[in-house]
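The structure's right below; bear with me while I get my questions together.
Note that the chains are named A, B and C in the order they appear, and that numbering of residues resets to 1 at the start of each chain.
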Amino acid sequence: MSGVSKGSESLQAAALESAPVRGRSLMDDARARFLANRAASGSVVVLVLLVLAAVVGPAFLPWDHETPDWSAFRSPPSSENGHYFGTDQNGRDLLARTLHGTRVSLAVAFVATLVSVVIGVLFGAIAGYVGGRLDGAMMRFVDILYALPYILFVILLMVVFGRNVYLLFAAIGLLEWLTMARIVRGQTLSIRNREYIEAARAAGLGRMQIILRHVVPNLIGPVVIYAALTVPEIVATESFLSYLGFGVQEPLTSLGTLIAEGTDVIEVLPWLLWFPGATLVLLLLSLLFIGDGLRDAFDPKEIS
Amino acid sequence: MTKTRTMMRRLRLSTLLPALLPGLLLAALGAEARVLNISNGGDPTSLDPHKLSGDWENRIAGDIFEGLVTEDAGAEPIPGQAESWEISDDGLVYTFTLREGLTWSDGEPVTSDDFVFSLRRLMNPETAAKYAYLQYPIANAEAVNSGEMPIEELGVRAIDDTTLEITLERPTPYFIGALTHYTAFPLPEHVVAEHGEDWVKIGTIVTNGAYTPVDWVPGSHVTTEKNPAFHDAENVSIDGVKFFTLEDESAALKRYRAGEFDILTAFPTDQYAWMQENLPGQARAAPFAGLYYYVVNNQQPPFDDARVRQALSMAINREAIGPQVLGTGEIPAYSWVPPGMAGYGEPAEVSWKDLPYPEKIEQAKDLLSDAGYGPDGEPLSVQLRYNTNENHKRVAVAIASMWKPLGVEVELYNTETKVHYDELSRGQLEIARAGWLADYNDPDNFLNLLKSDVDFNYGRFVSEEYDALIDEANAETDTDARAALLKQAEQIALDETAAMPIYYYLSRNVVSPDVSGFEDNVFDIHRTRWLTLAD
Amino acid sequence: MFGYALRRLLSTVPVLWIALTACFFVLRLAPGGPFDGERPLPPAVKANLAAHYNLDQPLVVQYVRYIGGVLRGDLGPSFVNQDFSVAEQIGIGLPYTLILGALAFTLAVAVGIGAGALGALYRNRLGDHVLAGVILLGLVLPNFLVAPILQLVFGLQLDWLPVGGWGGGTITHLVLPVTVLALPHVARISRLMRGAMIDVLSSDFVRTARAKGIGRAAILRRHVLKPALTPVVSYLGPAAGYLLTGSLVVETIFGLPGIGRYFINAALNRDYGMVLGTVIFYMLLIVVLNLVVDIVYAWLDPRVRGR
C-alpha cells in the first residue's frame, strides 16, 4: 500500500521536469551586483572609450601633439581650422595634446599600479605566510615607511635622478605598495590555514612554491579591488608632481602638465584648462565609480 | 669672515613669535603709512651686497645702499656719495671727493675708509663674493681675489676721510658706470667689525641709502622705510617699500589687479595682449640690454663644422619668436652686442640678415648637404637644452619645429636653472639656451663671452684672431678706435657662428597709474627715490 | 597610556635617523650644486665658497658634522637665504604651515563628520544625493585645479576675497587657502563617516536599543558615534600626511611663506641644509600627529590598547 498522496506525486513530477538548479558562485553574485550599479557599469564604458581615444585616437587626427601650426597660434576651439580643442601658445593642437597626455597619464598609472601590486603582493604574501619573526620584522618595516612623508622623497628622487619618466612610474608605484602589502598580509593570514594549503604542504611543496601557486592566485579579489581604488590616487599624484614641475617633462606631456599650463592663462586662453581638466575629472570619476563598484560588488555590507 | 667664526643659529621659541607679531600688529593698526608694494620675484639671498647676483636683489640693495656713483631715473650715472671726481690724464687714477656731512642711518659718518674696507672685503677670497670680478678693472683686484696678493695691495686708498683714490689696471671707459653696481657699495665698517656676519640682521643693519630695511620674512617680503639720514632725504617722496617674494607671475598679476601690488617686475607674456586692452598703459615691455642666445658646442662634431652652425642659425625664424611665440614683440638679434651700448654705434651683423626667410631655409639646406647632412647625407640629431621656464620652453619648441624641415631631429632636454648652468660650465651640451644681461654699459660685456679663456664661453669657441682683437681693444684709449677693433672681433664671431643670437631682451613691468617717475630704460633700474605715489 | 606614547615616540627615532641619512647622501648625488647660476663663478671664488661651507671635505665628515649639529638644534646654514640659518627659517615658516594645516584639519573634521552624519541619517533623500555629488567633486578635483578657479571667481570677478598672500593672518586671506586644502579631506571624511554610520545604524545592538525604546539622540550619542568614528579616526593619521603634502601646492599658489614653499624652493636650488631641515620637520609633524591619532583611537576602541 503506497503512503504517497496524489498531490505529492504531481509535485515530484514537476520537480523532475524543471531545469536543473545552478549554484551561484561568489563571482556571479559580484558580477550581478556590479552590473546593477549603474554608475560603475556606465563608468566602465566611459573608461574604455577614453582609453581607446587615447591609444588609437591620435592616429586619426591631422595634427600631432608637438608640431606647431604657424597659422593658428593661441586659437580658440574652432571647426574651421580643424583645431577642435583650440591650440596653445606654441600653436600645438590641444586635442592631440590632450589625447597624448591622457595616454601618458594612463601609462604612468598602469605601470605604477603594476609595480605596487607586484611588490605589495609578494611582500604581504611572504610576510603573512611565513609569519613569526619574519612577519613581525617586515610589518615593522612597513610601519616605519608609513611614517615618512613620501611625496617629499619622491620629489627628491625626481630631482636627483633627472627627469626620467620611467623612474617616475617606479617612484609613484613605490608610494602605494605599503597598503597593498598590509591588505595582502591580512588576506594571506586567513588563507594559510585552509585545507588546500595543508594538502600542498603535505604533498611536500616548498614554501615559495606554495606562496606562488596557491596563495597568490587566491588573493586576486582583494588585490584587484584595492588596485582599482588606488589608480585614481596614482593619476592624481602624477598630476600633482607634474604641476609642481617634478613629473613628466617636455616633449612628453601629461594631464597634470597640461592643467598646470592651463591654469596660468585661465582668463585669456581658457580652453587650455577646461579640456584637459574635464578629461582628468572624467577619468578620475570613472575610475572612482569602478573602484567603488568593485568593492561594493564583493562586499555588499557597504552598499547604501 | 672666516668659517670658524660663523655663529650657530639655534631654533629658539623666540624666533617663532616675532614672525607673527608684526603681521598681527599691522592688521590691528589698520591704516598704515603709504607703502609702495612691489612684487619682486625671488627672495634676496641676503641684504649684504657682497652676496648678491640677481636683478631682483639689486632692486632692494640699490634702495638701501648708495655707492660713489648712483643712477638717475633713466639709469644714467650721476654723483652718489661722491659729489665729484677727477680722472688722471692716463686714465688710471680716479680721485673721488665725498659729500659733506654724509652719515650712516645710525648717525656715524660715512668715510672713505668705509669704501676701502668694503672693496677689500669684496676682493677677499674668504668672502667668496660671486660678483667680485665686476670690479676687476681695479688694480690687483684679480690677483687679490685669487689669493695671490694680500688685500692691502688692492688699488684703493683713503687719502683722508672724504677723499678716496682708486687706481685701475688699465684705462676703463665704463668704470664710472661700473661703480653704480652693488659690488661698489660701501659697508659700515664699524658695524661689521662689531657684529661679524650678523651685521645684516634686521635691527643691527645700518645703511646709507634712501631707505633702510626694517623687516624680512623669508618667502614672504622685505620691508624698507625712508632713511632720514640720507643726504637727499627731503626729495625722497615714498615713505617705504614692501618687496614681495612671489615667483608665480600669474598669481602676482592677479594680486596686482586686486589692488595689492603697485608694481610688478615681470608678467606672463600670454597676458600681454589682454593687459594692453584691459589695463592700458600699465604693462610695459621696453628694450633691455640683454641677449638671448643659443650656445653651440664648437668642439663637438658635427657642431665643430661652421657650416652646420650657420645652417642651424639661419633656419631660425627670429621674426616670429617675439611677436608670435612670446607675444611681447622681442626684437630679433642678428648681432652679438645689443643696440645702445655706449660709444659703439651700430653693432656688426651676420651677412645673411636681410635674406627673405624661404631663401634662408634654402641656403641652410645647401650648407647642411655640403657638410654631409640632410636628406642625401647623414641624419642630424640635436639635443637642445634649456632651463625650466615657460618662455624658454616655448622658444625651444618653436625652434625645434623650425629645424625639422632641414631634416634635423631635435631632443628637448630641460633641467632646473642650477643644473643647467652647472652642466653648461662643464661643457656638457650640444646646443643650449643661455642669456646675458649687461652688467655695465660697454660692449665688451658681451664680447667677453666668446673669449677663449673665459668661463662663460660655454661653447668653447676658440679664435686666436678674436682674442687678439679684444686684447688690443682693451689697451686702446681712443673710443672710436676701440669700437672699431671690437666690431672687427664681433664680425669674426658672427661669421664663424660662434653662437646663435636669437633676440634682445625686453624688460617687463606692470606699473600702476598711481606711480609716477617710472622711466623705462635699458638697464631696467628704477630706484624708488625717483618715484612718487599718488594717494 | 603614557608608556604607550613614550614607546611609540622612541621607536620613531631610528626611523627619522635612517631617513635623514638616506636623504643626506641622496641629495649629494643630485646634479647641480647650490652655487651654479646664470653667471658661473671664477674657479677661485667657487673654491672659496666650497671651503666656506665645508663642501670640500669628504662626504662622511660633512655627514658627521651635520648630525652633530642636528642634535644640538643647529640645522646648518641656508645657501639660498644666507642671512637666516635653516633653523631660523623653519622657525619663521613653521607657524604659517601649522596654522594653515590646523585650520584645514579642523574644518575637514568638523564639516566632514557633520556632513557624513547628516547624509547617513537622511540618506537617499535629495540632500544626500546633492551631498554625494559635491563629495565626489571634492574627491576628484585636484587642488591645483580648484585653487586658481576659486581665485578667479572670488578674488577677481566677485572681489570678495584677496587673491593671495598672508596679509597678517586676517580671516579673509585664510578662507581660500584653507578651503582648498581641506576640500578633499572633507569629502573623504564625510564618505567614511556616512558609510560607517550606516553600518552602525543597521547593526544589531542599535536595533536592540531602539527596540528597548531608547530615544534617538541618546542612541546616537552613546552607541553610534564612537564606533562610527573609528574608521574616520584611522583615516586621520594618513590625512595629516596628505594635508602636509597638499600644503606644498596651496602655499605655492597662494604665496604663503610656510615650510612647504621652502622645501620646493630648496629642492630646486639644491639648498641641502634647507631640504634636510624641512624633511626633518615634516617627519616630526607626521609622527606626532600619527601618535595623537593613535591615542585617540585607543581611547575610542579599548580593544586596541591591549596590543
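One rule holds in what follows: contacts are C-beta pairs under 8 Å (C-beta built on N, C-alpha and C of every residue); 3 or more make two chains touch, one makes a residue touch a chain.
Quantities reported herein were computed from a predicted structural model and do not represent experimental measurements.
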Measuring between Cα centroids, which chain is at the maximum distance from subunit C?
B
Count the C-beta pairs in contact for B-C and for A-C, then report the pair with the higher count.
B-C
Distance from the CA centroid of subunit A to that of subunit B, rounded to the nearest Å?
49
Subunit B and subunit C, separation of their C-alpha mean positions in angstrom
39
Rounded to the nearest whole Å, what is the centre-to-centre distance of subunit A and subunit C, using the mean of the C-alpha atoms as each centre?
25
Quick check: what residues of subunit B touch more than one other chain, meaning two or more?
250, 415-416
Residues of subunit A engaged with two or more neighbouring chains
159, 162, 245, 263, 267
So which stretches of subunit C touch two or more other chains?
30-31, 148, 152, 252, 268
Residues of subunit C touching subunit B in their complex?
30-45, 48-49, 51-54, 69, 72-75, 77, 80-96, 148, 151-152, 155-156, 159, 162-170, 252-258, 261-262, 265, 268-270
Subunit A contacts subunit C in the complex at 144, 146-153, 155-157, 159-160, 162, 232, 236, 239-240, 243-245, 256, 259-260, 263, 266-267, 273, 277, 280-281, 284-285, 288, 301-302, 304
Taking the complex as given, what residues does subunit B use to touch subunit A?
249-250, 268, 270-271, 273-274, 320, 324-325, 327, 388, 390, 393-394, 396-398, 401, 404, 412, 414-416
Can you tell me which positions in subunit C touch subunit A when the two form their complex?
12, 15, 18-19, 23, 26-27, 29-31, 123-124, 136, 139-142, 144-145, 148-149, 152, 194-195, 198-199, 238, 241, 244-245, 248-249, 252, 263-264, 267-268, 275, 278-279, 282-283, 286-287, 290
Within the complex, subunit B is touched by subunit A residues 66-68, 70, 73-74, 89-92, 159, 162-163, 245, 249-251, 261, 263-265, 267-269
